[in-house]
Amino acid sequence: MLDKKGIAKRIAQELQNGWYVNLGIGIPTLIANYVPEGISVEFQSENGILGMGPFPFDGEEDADMINAGKQTITAMSGACIFDSATSFAMIRGQHIQLTVLGAMEVADNGDIANWKIPGKMVKGMGGAMDLVASADNIIVAMMHTNKRGVSKLLRQCTLPLTGVGCVKKIVTNLAVLDVTPNGFKLIERAPGVSVEEIQAATEGRLIVEGDIPEMKID
Amino acid sequence: MNKVVANAKAAIQGIEDNMTLMLGGFGLCGIPENCISALVEANIKGLTCISNNAGVDDFGLGLLLQKRQIKKMISSYVGENDEFERQMLSGELEVDLIPQGSLAERCRAGGAGVPAFFTPAGYGTEVALGKEVRYFNGKPHILENALTADFAIVKAWKGDPMGNLVFKGTARNFNPLMAMAGKITIAEVEELVEPGELDPNFIHTPGIFIQRIFQGVNYEKRIEQRTVRQKV
Amino acid sequence: MLDKKGIAKRIAQELQNGWYVNLGIGIPTLIANYVPEGISVEFQSENGILGMGPFPFDGEEDADMINAGKQTITAMSGACIFDSATSFAMIRGQHIQLTVLGAMEVADNGDIANWKIPGKMVKGMGGAMDLVASADNIIVAMMHTNKRGVSKLLRQCTLPLTGVGCVKKIVTNLAVLDVTPNGFKLIERAPGVSVEEIQAATEGRLIVEGDIPEMKID
Amino acid sequence: MNKVVANAKAAIQGIEDNMTLMLGGFGLCGIPENCISALVEANIKGLTCISNNAGVDDFGLGLLLQKRQIKKMISSYVGENDEFERQMLSGELEVDLIPQGSLAERCRAGGAGVPAFFTPAGYGTEVALGKEVRYFNGKPHILENALTADFAIVKAWKGDPMGNLVFKGTARNFNPLMAMAGKITIAEVEELVEPGELDPNFIHTPGIFIQRIFQGVNYEKRIEQRTVRQKV
């Protein structure tokens, strides 16, 4: 089974040279720490920066330099700054090659819910609806089940949707899965996790074809 | 052309109860601190505020929420604010949540004389309820209307008396878009420079969009999430 | 009767302090030379400059600084440069207080035709259609009749339209006229021109109420 | 991330007969001179060119017209070009004339993932034929579609290897918008600078929109209307 770092490391293996990447808050943010050797990517934050760098050194924080999670950040050499409309022009116009975000639920048709629990506090969708509706390549990073052990990979979402039919790939603490027209297709198992365990934790349709390899994570 | 006013109090003249305001900023970054304080002091009520966020309990738009000056918020993300939550759950506060990219584009459209446009964001969700759906290249889109405001209030780094503005870092965010969409737009700046001091080739917001400008005072520029690393 | 300079001088009297103004090619361009004392306006050129200044001194031309007529220009102190989408955002978004342009024909309902003569060379509308469809305050600057003596102020345009019902005021070599729901309303006569001469040169409905004063031009 | 190619010839690899190109510039100001020469040399035919103007007889897109490489022009103003006139009147050249502001906004929309938007420009004219009309605030608007291109070719003043661009003066014009709307966008620059040399806060076109960049040579930068005044 993977921890959050492990999920981030596994998704980092998907990065390709020259990609522009938008990372959501939470597990996705960790991916920036595990970019493979020899791969050069640029991170976009939807509040208006491309070429986002690491956190500033203590004492060098600049209130005018934050990411979409409102964390203080730095800019890499070759970075650029722009307004929110230009930022979402990049996103909506499909100039971003990969979007990674968290989810509360994913359905086996690619629907995603991650912004609202009716009756509880509604914080808002932020940029998530633009991201999922626009990106060709969306990976969801999340735990396979919620805190009560209930599957988050469902036949149908129960929460209000963020986007429809948009998720392409899911990386959880248990598995890597592709979203196909016939449901979740199991691609890899997390180290030490059996197909049966994944099946048991997946409420939506799960496709298991042939031998399922175990992930390779350093 | 000189659009300089003395201070925030002078700048907000004409803002009345029940008006619609746009306020720049993302989180607490790039918010018009001086004008928010002046609005609190003037105790203008029943405001509809279009702003990506709603501040925190004791800063930014949270100050207006505390005094119940806001009737309705139009935002994309409103976490980090207990008083907001209380007012929303109790029904005191109306809230219209909008995808962030649609919010930005709707402000720009309002300023650019584009009354409506199609976007894929929100299709198939609550956001699309009651909105026209149309397919382009086989992909569903919804029709979104432009947003405008009685007053837009933005915060810039530098500005000149004609209203030309330059922003710093990610404090730019929604400010240039909202600047376009106000019937009257107020700019508060950290530094008011002489005419001609800003390079015409590198101005973020052309002065034509600004009606009033002043140099603000005592900027706190509070940081919401101070994240740092240690030098090795 | 006014010459082209006179038309420009008369229109310059309409300028108000603080206005942003877009001047078309031809007679409108001349208006910049006659801004009244004490009035401060800024000129926009739709190819992307606000705060357009006079022509450069001989030898100081810059190929990268032109106006919409492709003439070399300079920038005033406080000018700013922007792209074409931002430029037309200013125009379409009604941030420009006055647009002055020439016309081949104006109808007494405010229709304007100034971009195409069917069967002859078509040069294109450039920014004219955006300007006339967007501006609240449009003044047409033109000669009252064409070279063959035929009226250009018509009951109905005969040429393909540039915009419908948009012209508010017309300044010609003979007169100043407002466009009203009932036709062209005569406001002023050019020096030495009689109401009868204006009537004879106007094909569209002309409204003459009371004494029509003569223009005051320096 | 290094997007630098050797020269115009390398930059235009992949442009084939019958493709659609966008070319930046207004008149002869800010046009991609090097790439136009390379297209002439490569003798690519049947092109659809989206460009505000069509050059003059012996410069700019006029060079492609002379060699009959252009099948269709999509522009707002095409005067100043006798060969253009001849080809259009003889029916050799298709021409689609678009209001200048709609052209700019349609390119931006193409790059921004906005498939269509409403504009008042052209309502009641030939431009509106066959287009949907809708009233907003009592004013008629027409629906315009986004424009995209197989390749967009832009000219900037300075650029870095990641594709970040800075333009000079009114040579900016359509270049930043078309840069957004190309499936592949080529930037030719007067000066290719080192990474980090351009201030992140003052970049006109973010590198994300650019796929190939090179430093051009022998810029003529011809002036169409040399207008000057004499020193007194």
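As written, the chain order gives the labels A, B, C and D, with residue 1 at the start of each chain.
By definition in this document, a contact is a pair of C-beta atoms (placed from the backbone, for glycine too) under 8 Å apart; a residue touches a chain by one contact, two chains touch by 3 or more.
Treat the numbers as computed from the prediction; the structure is a model and nothing was measured.
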| item | value |
| --- | --- |
| Shared chain contacts [subunit A and subunit B, defined touch] | D |
| Contact-richer chain pair [C-D vs B-C] | C-D |
| Centre-to-centre distance between subunit D and subunit C (centres being mean Cα positions), rounded to whole Å | 28 |
| Inter-centroid spacing, subunit C versus subunit B (mean Cα positions, whole Å) | 36 |
| CA centroid of subunit A to CA centroid of subunit C, Å | 55 |
| Distance between chain centroids, defined by C-alpha means - subunit B, subunit D (Å) | 33 |
| Residue numbers of subunit C (touch at least two other chains) | 49, 75, 81-82, 85, 88, 91-92, 134 |
| Multi-partner residues of subunit D (each touching 2 or more other chains) | 105, 108, 112-114, 119-120, 168-169, 201 |
| Complete list of chain pairs which touch one another | A-B, A-D, B-C, B-D, C-D |
| For the subunit A and subunit B complex, residues of the former touching the latter | 45-49, 54-73, 75, 81-85, 87-88, 91-92, 111, 116, 121-130, 133-134, 160-165 |
| Touching residues (chain side subunit B, partner subunit C) in the complex | 1, 108, 110-114, 160-162, 164, 180, 195-196, 198, 200-201, 203, 206-209 |
| Subunit D - residues contacting subunit B, complex | 105, 109, 112-120, 134, 136-137, 141, 145, 166-169, 201-202 |
| Partner subunit A, residues of subunit B touching it in the complex | 26-30, 52, 75-79, 85, 88-89, 95, 97, 99-105, 107-108, 119-127, 157, 168-177, 204, 221-231 |
| Residues on subunit C engaged by subunit B in the complex (per definition of touch) | 18, 20, 40-42, 44, 49-51, 75, 77-82, 85-86, 88-96, 134 |
